[in-house]
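Structures incoming, each one as structure tokens.
In the two complexes below, subunit A is the common chain; its partner is subunit B in one and subunit C in the other.
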Partner chain A sequence: MTLNPSVMLIIILEIGLPMAFTQSLAGNLAVCFIAFCYLMVNRASLKTISFVMLISLPLAFGTGWSFIAFGTGDVWHQAFLQVSRLFAYIFLGMTLTLTTQVRDILLSFINHLHLSPTFAYGLFAAFNLLPRIQRQVKTIRYSANLRGITYHLWQPQLYFKAILSALQWSDDLAQGMASHGFSEGADRTITYHDNLPKWQWGLAIILIASYLILSLLT
Partner chain B sequence: MQTVQQNKAHWSLRDVIFLAIIAIFFGIIYQVWGYMYYALAATPLKPFANDLTLGVWIMAGPMAGVLLKKVGASFLGELLAATVEMLLFSSWGASTLLSGSIQGLGSELGFTATGYKNWDKLGIALSVVTSTIVTFAWDLFSNGYLHYQPMMIIGLFLIRLVSIGFFAGILVYWIKQLLDRTGLIK
Partner chain C sequence: MTTLTVSDFSFSYNNPEQPELAHINWTPTPGSFNLLIGPSGSGKSTLLKAMAGLLPHFGGQILTGEIRLDDYIVDTVMPFERAKRIAMLFQNPNRQFAMPTPAEQITFALENIQLPASEITDRVTTSLEALNITGLANQKIITLSGGEKQKVALATVLALGSDYILLDEPFANVDPAARLELLQLLKQLQVQHQKTIILADHDLSGYTNLVDAIYQINPENHQLSQTDASVLIADAVGPHTFKTKAYQTLSPLKLIQVGLSVEKRTLLKPSDLQLPKAQLGLLSGANGMGKSTLFAAISHQTDYTGTIMWDAQDSQKFKIKQWAQRIGLIFQDAIDQFVDLTVAEELALSKKHTLLPDYWTEARIQSALSQLNLADFKNANLYQLSGGQQKKVQVLSMLMMGQPIFLLDEPLAGLDHVSVQAMLTLIKQTLTDNGLSALMISHQRNGLDDFIDYEWHLSNQEITQEVPE
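Right after this comes the complex of A and B.
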């Protein structure tokens, strides 16, 4: 059972927002558990999940420890609460990104959440440049090194040169897309159809409501 | 036939691609910061690591505002950066959209306060102040900052102000100055 990306996004935001304010260990653990089950049902890669867990362990450790060291009141409870919240956010976030492709996510948002096609296709265009952008960052640094200069992250030069490349590439890409028939704001023929049965919205409401009730009660 | 619109109030395809490419560029550049953050974040100093590096993540907002000079540019610029972050880099997945929206709102309010008339020192400076306040208020709850000792909360706020002030303020202003000299940004 895979939920539509649009439904997933609403669930993530509507649970993620109140989660910042609630003080419920049980609520956070329930989110982790249900999100993990969902990931398993959808055969998300266990390897990726373990990797994400592994790199967030130091963060969780630091979070917990900081409350024990600098907290007020019941520091242990607060430490467990914040660590569980950190994992709840990570699991919640993974449910969308590990079970669906970028393309399906953006196209679903166009179909169901009124995302403007200009934004979706603009993002697609930029994403396809990823390898070129990575190369460009190296080129900028190496060519500076050849002149005996190192660009540091706290200096404006590296960002400045990146912005100049972005300016040129975005002009080229936008013109290229226009010449291939992309008209901004015009009605588009929609060739992508995804399934969004009404029960999924129902399930979203049930999940969000149960989370709110659980975290208010515990 | 002109299909790439040049209207200033409206978001053109070019603007979207421009900001998205910048977001990817910055995302790649930031990966270096990731290591520094991790080194500190595994210790009880994690909240300090958070606040010390936060300015870097906020940069995309005021940068977008200064580059496009539009209502909503900072908010959307930051949201786009968070979207790129979610889809390409982050282990936080869709949760970055939440923090991205908060950060975007924070940067946007500074320019709103000038009535969208000042995209220079004043606008950037106000944006620094509003994004520090808004993101800190969010972290008081979401990261449980409220439960730290009072002196620590004040310390964290000041560190965050310095970090955002440098990266999303001074550095953005320096970049803007370099760009102004090229005459490529209107």
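Right after this comes the complex of A and C.
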């Protein structure tokens, strides 16, 4: 069962926003648990999830430690609250990004949330450029080698050239899109249709309401 | 029927004192096949882009005159209206696609012109069929060869149904067979669908029975004039390979049982190869056969099987930095090669790190610049040069590095005949003076006879070479 990306976005926003203000450990843990179950049901890659956890671990530790070391009052509770909040946000994000493709997300937003096609296709074209940019960084380092210089990953010159290439591409791409008829702000035919049954909105309301009730009670 | 009219049109990107185009008057006959010629940097791309309505929106300014599409100034027409009448194929096929696959790209274009959803699938299918690329429909465009990408671009234009098809050196990275196929297809579009074709090209072969009119831009005064068919090169009779010339010694680079494959597709069966010293070789073969992949393997940019040796050492023992001082790869895309911002800076960098400091004296650099007709562009921004000028700076900056082995991937793409001769003379001179080796990929074969010492032909996963007499 995969929810429509538009429904997912609303759920993420409506739970994510109050989560910043509420102080509910149980709420955060519930979000992590339900999000994890959803990821499992949708066969998200356990490897990616573990990797994300691994990267966020030092951040979580840093946040927790700073509350324990410099906090006032019940520092352990505060630390757990912050750490659980961090993971809750990460899990919320993954429910959308690990279960759907960028293309489906953007096209769903156009269809159901009135996202401007100009904005969506601009983003989409940029996403399509990403693998090229990765390859470009490799090319830039190699072309420097060919000329007897070495760019290390921390050197700004490397990124300066990458940005220069990206600017050049974006201009070419804009011309390509214009010559293929793409007009900013104009109507377009929409061939993409996705399934958004009403019960999904119902489920969204139930989930958001449950979260609010849970976090206010605890 | 739509009419495109250029009247008294002058245009400049930067400096109104030196316009790229001056007082151009041109109304291409609807339904005709037009060839636009002129040396590198004479303003062919600029004229085509202006006619396609992309300029001055994407830079520069109109100095005099206008270009009209029927009653409207062309750059004020909304792109979705314009695309139904004028479409453009760009010089660099890599940068005109917004979507990841051909089917999605064509669908995207048809959505833009608001074709009813019910007709889109059919139109995508028929346009892919017309170009014989149905099999590529759902492949990632990034993995296609240059010629295949241009076919996708042409299929998109066909789907849009544009009356005018403007092509800006579309064959720069396309092999001769695919080029002839594309030309025939364009002719078919002109005759059967009354399309007006306007094509800019440097290679003047293959057009004899194709074109109705030839126009050229004068590089001195940037004006356009009509010319006759005498400028065309008669079509070559049959395939000819370049004769192998005797060599003195071999270079230290040796490929032993080197094999290549991409995504489980074999490109080259295990082969033994060694480059002769002080000679320029041509690596030929159709699009997608793996010529660039072979270069990438030799320069350690991609994986291979077998062993690449340098004298008696396995090349994998070298760090990439050291290897880059032995193998000089000249990229297909000039912009990828540039490290600095201006011509002068780029050459100064090469001069600083060159392996041949005694050879590349200031005087020699100056004479190379004049030879390539770049002397006036020393302080120009590399990114604002024309495609051909960029190629020349790119090749010169690499020749100045002086690696023992040069691999040149399409160094002649987008160059006019005079520039090709100048470039090859310079390459050849550098090789013989310093005992360097070079292997070059080039789809263009005209005017190369005086320069090529041997030819390797890559087809059916094998490299064949004519045996010296």
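Rule of thumb we're sticking to: the second predicted complex is superposed on the first by the 181 of 218 C-alpha atoms of A that agree within 3 Å, B and C clash if a C-alpha of one lies under 4 Å from a C-alpha of the other, contacts with A are read in each partner's own complex, and residues count from 1 in each chain.
Assume contacts are C-beta pairs under 8 Å (C-beta built on N, C-alpha and C of every residue); 3 or more make two chains touch, one makes a residue touch a chain.
What you are looking at is a predicted structure, and each value in this text was computed from that prediction instead of being measured.
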item	value
A:176 touches, of subunit B and subunit C: first, second, both or neither?	second
Subunit B versus subunit C as contact partner of A:153, first or second or both or neither	first
Partner chain(s) touched by A:105 [first = subunit B, second = subunit C, both, neither]	first
Contacts of A:1 with subunit B and subunit C, given as first, second, both or neither	neither
Which superposed partner A:164 touches (first subunit B, second subunit C, both, neither)	both
Subunit B or subunit C, by number of subunit A residues touched	B
First (subunit B), second (subunit C), both or neither touched by A:189	second
Subunit B versus subunit C as contact partner of A:143, first or second or both or neither	second
A:121 touches, of subunit B and subunit C: first, second, both or neither?	both
Touching both subunit C and subunit B, counted on subunit A across the two superposed complexes	121, 125, 136, 164-165, 169, 171, 173-175, 177-178, 182-183, 186
Subunit A contact footprint on subunit B (complex, rising order)	3-5, 11-18, 20-26, 28-29, 32-33, 38, 40-47, 49, 56, 63, 67, 80, 83-84, 86-88, 90-98, 138, 141-144, 147-149, 152, 166, 171, 174-175, 177-179, 182, 184-185
Sites on subunit A touched by subunit B in the complex	8-9, 12-13, 16-17, 19-21, 52, 55-56, 58-59, 61-63, 65-73, 78, 81-82, 85, 89-90, 92-98, 102, 105, 116, 118-119, 121-123, 125-127, 129-130, 133-134, 136-137, 153-160, 162-167, 169-171, 173-175, 177-178, 182-186
Touch list for subunit C against partner subunit A, complex	49, 52-54, 57-58, 78-80, 82-84, 86-88, 90, 92, 95-100, 105, 107-117, 120-121, 142, 156, 160, 299, 301, 320-321, 324-325, 328-329, 331, 335-339, 349-350, 352-354, 383, 397-398, 401, 403
Footprint of subunit C on subunit A - complex, ascending	121, 124-125, 128, 131-132, 136, 139-140, 142-150, 161, 164-165, 168-169, 171-183, 186-191
